[in-house]
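Each in structure tokens, the structures are laid out below.
Shared between the two complexes below is chain A, which has chain B as its partner in the first and chain C in the second.
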Partner chain A sequence: MGVLYFFQQLINGLSYGSILALLAIGYTMIYGILGLINFAHGEIFMIGAFCSYLLIMNAAASFWTGLIGAIGGAVLAGLLIEKLVYGPCLKKSPEVLTVFIASFGASLGLRNIFVMIFGDGRRAFPTPEFLEGIIVTKSGLFLNVKDLWILAITGILLISVTLFIKYTKVGTAMRAIAYDPNAAMLVGVNSATLVLLAFIIGSGLAGISAVSYGISFGIVNPSMGYIIGLNGFIAAVLGGIGNIPGAAIAGYIIGLGEVLFVAFLPPAWSAIRPLFVWALLFLILFIKPSGLFRPNIKIE
Partner chain B sequence: MNKKTTTILGSLILLGILLLLANTFLRGYYLRLVILLAVTCIVALGVNITNGYTNIFSLGFGGTMMVAGYATAILTLPPAYKKAVLHLPLWLEQIQVAFPLALLIAGILAVIASVILLLPAFRLEGQYFILASMGINIVMGNLAENLRGITHGDMGLRNIPAFTNIWWAYGILLVVIYATHRLVNSRFGRGLIAISKDQELASVMGVPVVRYKIMSFAIGSFITGIGAALWVHLVLTMNPKAFSLVYVFQLVAMLAIGGIGTISGPLIGTAILTIGTELLAPLQEGFTCMGLSIPPVFGLVNVLMAVLLVIIMIFKPRGLMNGREVWNILNPPKKGGQ
Partner chain C sequence: MLKLNHIIAGYGKAEVLHDINLEVKEGEVVALVGPNGAGKTTTIRCITGELSVTKGTILYKGKDITSLPPYKIVPLGIGCSPEGRNIFGNLSVYENLKMGGYLLKEKALYQEQLEWVYQLFPKLWDRRDQLAESLSGGEQQMLAIGRAVMTRPQLLLLDEPSLGLAPVVVDQIYEKIEEISQQGSSILLVEQNVRLALEISSRAYVMESGQIHLSGDSASLAKDSYVEETYLGVR
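For the complex of A and B:
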């Protein structure tokens, strides 16, 4: 259990954290703008993974086409859910609970449509050859090429999303509407467009996250989005809801924490790995109910 | 005897005759379905007290039901079986109690579990609370998988004595319906409804908000705990997946479709989903119809349930009953009574 082992696990944790960070941004963006948990976000993630899987396996597409397919499929799924479920629901009754139950219905429905078509078995995700290699550093560290790719791509995405939200006019409008929808609308922010934009960005990131999951765990199945979606949502809460960099950092904290938890505790404990995330959530929510970082929603 | 008493007595007698007929002529699967309907109704009404009347939307009842389910299983299994598969303290291994006592203990343990697990969550509000309560299910499920000495892990407990019959199930259901009715129309029940409408206002009006919330959790958990115990003695197995999030979500769907915050809503929602699921089950497993073999379509029932749920949430956000009771629609109360 030397320093080497620690760094090895650190890379694994960062790679897993990248997947959660991208998912958490989707949750926090949509929560910020609509004020609701998009429970079907995990299924958007799953649909993204299936799109790239089907493109690569059945249409003999390249990995990059598959990635674009995943983004496209996820965005399409996100927009469909918004148009068919959340839009009509919010129009009829602004009660949060109703929309939450509807979003849970959407999640259940989408997952089972895929169970219906593809069965609930696991399928091997086709990882391209250029991602399969291992680099051995001088100090004896084994680095998976795919982990490096995931880290690089996620890093670029996180930086651009943060810059976009912080410095562009549209990004400012998104933050404004999350903070105080009425005041934002009074000064002429068009909320309908921003809702769509939040779904597009959030779902697109979920699609990329899904491909990362596919190459790093090597599987796709209809219920893949369920537990990881919950973890992504926990990250969004820990990061202070509506706070986009916060969500990303919390995603990395959970990913690293979970991997190091398994790596450094007795093997008998690894079965209780899911408990770690929830224990962390409870702990932080009791000390600081608003999350680790400042939430970007108005607290009355 | 006035008209109301006659109606209630009449319907009770009718129900009794129907149950007697069902018990005489139905066998196996169909009889179990009739009993399962009542058991699920009991659970739905228990959940309805917190999620409907008090309007604290908790998904944590799966965890407390798990406590009740394992409790009743361990209390009633024969000592020889427990000695073979579990590692329990000697007194727990030797103990084998009568069914009513096991039910009662299961209910009380569910109450204790709910207070220990959910009280801390009261610090959280709204969707944070929903998330925390959902975590309780996952944590309890994971513990049940790993505490093999008490739960036998993934293998689950089998050969649990079959105590739940049609009379127990419907008898307890009637008691629960009556108790809920009395509860809602008492000072306490009005307090709960006041809390659900506006917590601050209720507190200003002198409703002891925290105490009433805890009490509503305790009562709701007691009923769901007894429901869980009845379920265990009907299905005869208990495993960590029994009351997992899938079960929890089915119940939420039943409540939401029927309409929370009423007595008839959960009953109607439960009836629709329980019977609908069973009717559609053959479709899901594939069948042969006039020489045409229909392939099995797994997940179809869940898709239909989800579509129904979304449609009802869009067009009837407060469920089919929309905050009213069946008997008030059939026989509207006189206006200007107050």
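For the complex of A and C:
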């Protein structure tokens, strides 16, 4: 277990972290604007993966069309959930608990609809040839081409989202509304538009994340969004809720941590891999409940 | 300019405002004074569109704006600095002002307004990159007013600008309010500090338990025996 092995695992961790980082942004963005945890976000991710899977397998679409399909499908799912579940729910009874349960309901409902239609078996995700290669560096490091693609695309997306949130007027308004929706209203922000925008961005990123997952793990199935969705949510909490770069960094911390946890502990321990994430969440809630970075909400 | 006709409004089943009639004319500073819980802030919230009115109409420049959402009211030229200031603590001072100009489409106008606000409150310029949360109470109030005037509103609603501030700071804020008024904004000022409000305003309404109890020239109201006894502490 030398330096090489460490670097090898580091790249695996970064690749997995990329998937979580993109997911975590959706959780944190929607929490910032609506003040609710969208537990159906994992299912939006799953729907994205299924859209690209079905397009590529059944409609002979190219990988790129499949990717666009994943984004489109995830965005559509996100908007529908907002329109059919959260919108009416927040209008009728804006209590935290009601929305919380509705969110779980949407998650369970969607997952089981997909189980009914497709069965819960795992299906092989069609990874295109150009992503299958392995590059061997001079030092003997094995680099999966797909990992490099995932890292590059995620990197570009994360930088774009961060710049958007930090410097544009709409991005600033999204942060403002997270802190004080009423004051944002008073300067003329139409929150309904921004809610839709948050669902579009968050779900779109989940769709891309889902394709990364597909090519990375090689499978899709209706429950694929469950555990990874929880991990994304934990990343959002760890990064300081509402803090978008924070959520992304926390996604990488969890991804790296989980992979290194498995890589450096006895193989028998790998079964308790999920424990790492939960132990981490427990620690954060215990030591620094507001997360590693500054939350982007008003703390009374 | 602004006219409230027989406004009835409240929260849920609790009626807070019972038949409010109020007017602000072009160029005026009008004060709305009264004790805590009289319905002053509720009146403001009806004008900004935060709260929909149960009955009655609100006219702005002859146009019916009753129960329009805030994002449709702001572009008409109505700005508001809310009670408790409500600045965006997670944003920098500059970003707060940027949010104030959220609806300004023209870049040149936005720049001009930004410079004007920084001139009005030089302290905001000094602290432009600081988080708004880190400002003192007085500076936060300046920021809230600065944010509200970013669109150079023709009608400015100020809710309790003196609340919780030291007298020296209150004087500074009130100087700026006069300056904003001289620049051409009409102002509706909600204030618990009745003496101060009657000094700066030309007309005033005294509100008690959701009704306009008295109204008239600020100068004559200041001499009114009821106002003197109840609000100015003269015996």
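The working rule: the second predicted complex is superposed on the first by the 300 of 300 C-alpha atoms of A that agree within 3 Å, B and C clash if a C-alpha of one lies under 4 Å from a C-alpha of the other, contacts with A are read in each partner's own complex, and residues count from 1 in each chain.
Criterion: a residue touches a chain if its C-beta (ideal position, glycine included) is under 8 Å from a C-beta of that chain, and two chains touch if they have at least 3 such contacts.
This structure is a prediction, so every number in the text was calculated from the model and none was measured.
Asks: When the two structures are overlaid on chain A, which partner does A:L281 contact: first (chain B), second (chain C), both, or neither?
Replies: first
Asks: Tell me the contact category for A:V187 with respect to chain B and chain C: first, second, both or neither.
Replies: Only chain C; A:V187 stays clear of chain B.
Asks: Can A:I37 be said to touch chain B (first), chain C (second), both, or neither?
Replies: first
Asks: Between chain B and chain C, which one contacts more residues of chain A in the superposed model?
Replies: Of the two chains, more chain A residues are contacted by B.
Asks: Examine A:R122 and indicate which partner it touches, taking first as chain B and second as chain C; both and neither are also allowed.
Replies: neither
Asks: On chain A, which stretch or stretches are contacted by chain B in one complex as well as by chain C in the other?
Replies: Residues common to the chain A contacts of chain C and of chain B do not exist here, since the sets are disjoint.
Asks: Touching residues of chain C toward chain A in the complex: what are they?
Replies: Checking each residue of chain C against chain A gives 48, 50, 69-71, 74-75, 80, 82, 86-91, 95, 98-100, 102-103, 147-148, 150-151.
Asks: Taking the touch rule as given, give the residues of chain B at its contact with chain A in the complex, in rising order.
Replies: 57, 120, 123-124, 126-128, 130-132, 134-135, 138-139, 142-143, 145-146, 249, 252-253, 256, 297-300, 302-303, 305-307, 309-310, 313-315, 317-318
Asks: Inside the complex, what are the residues of chain A that reach chain B?
Replies: 31, 36-37, 84-85, 88-89, 92-93, 95-102, 104-116, 119-120, 230, 233-234, 237, 271-272, 274-275, 278, 281-282, 285-286, 289
Asks: Per the contact definition, I'd like the list of chain A residues that touch chain C in the complex.
Replies: 169, 172-173, 175-176, 178-180, 182-190, 294, 296-298
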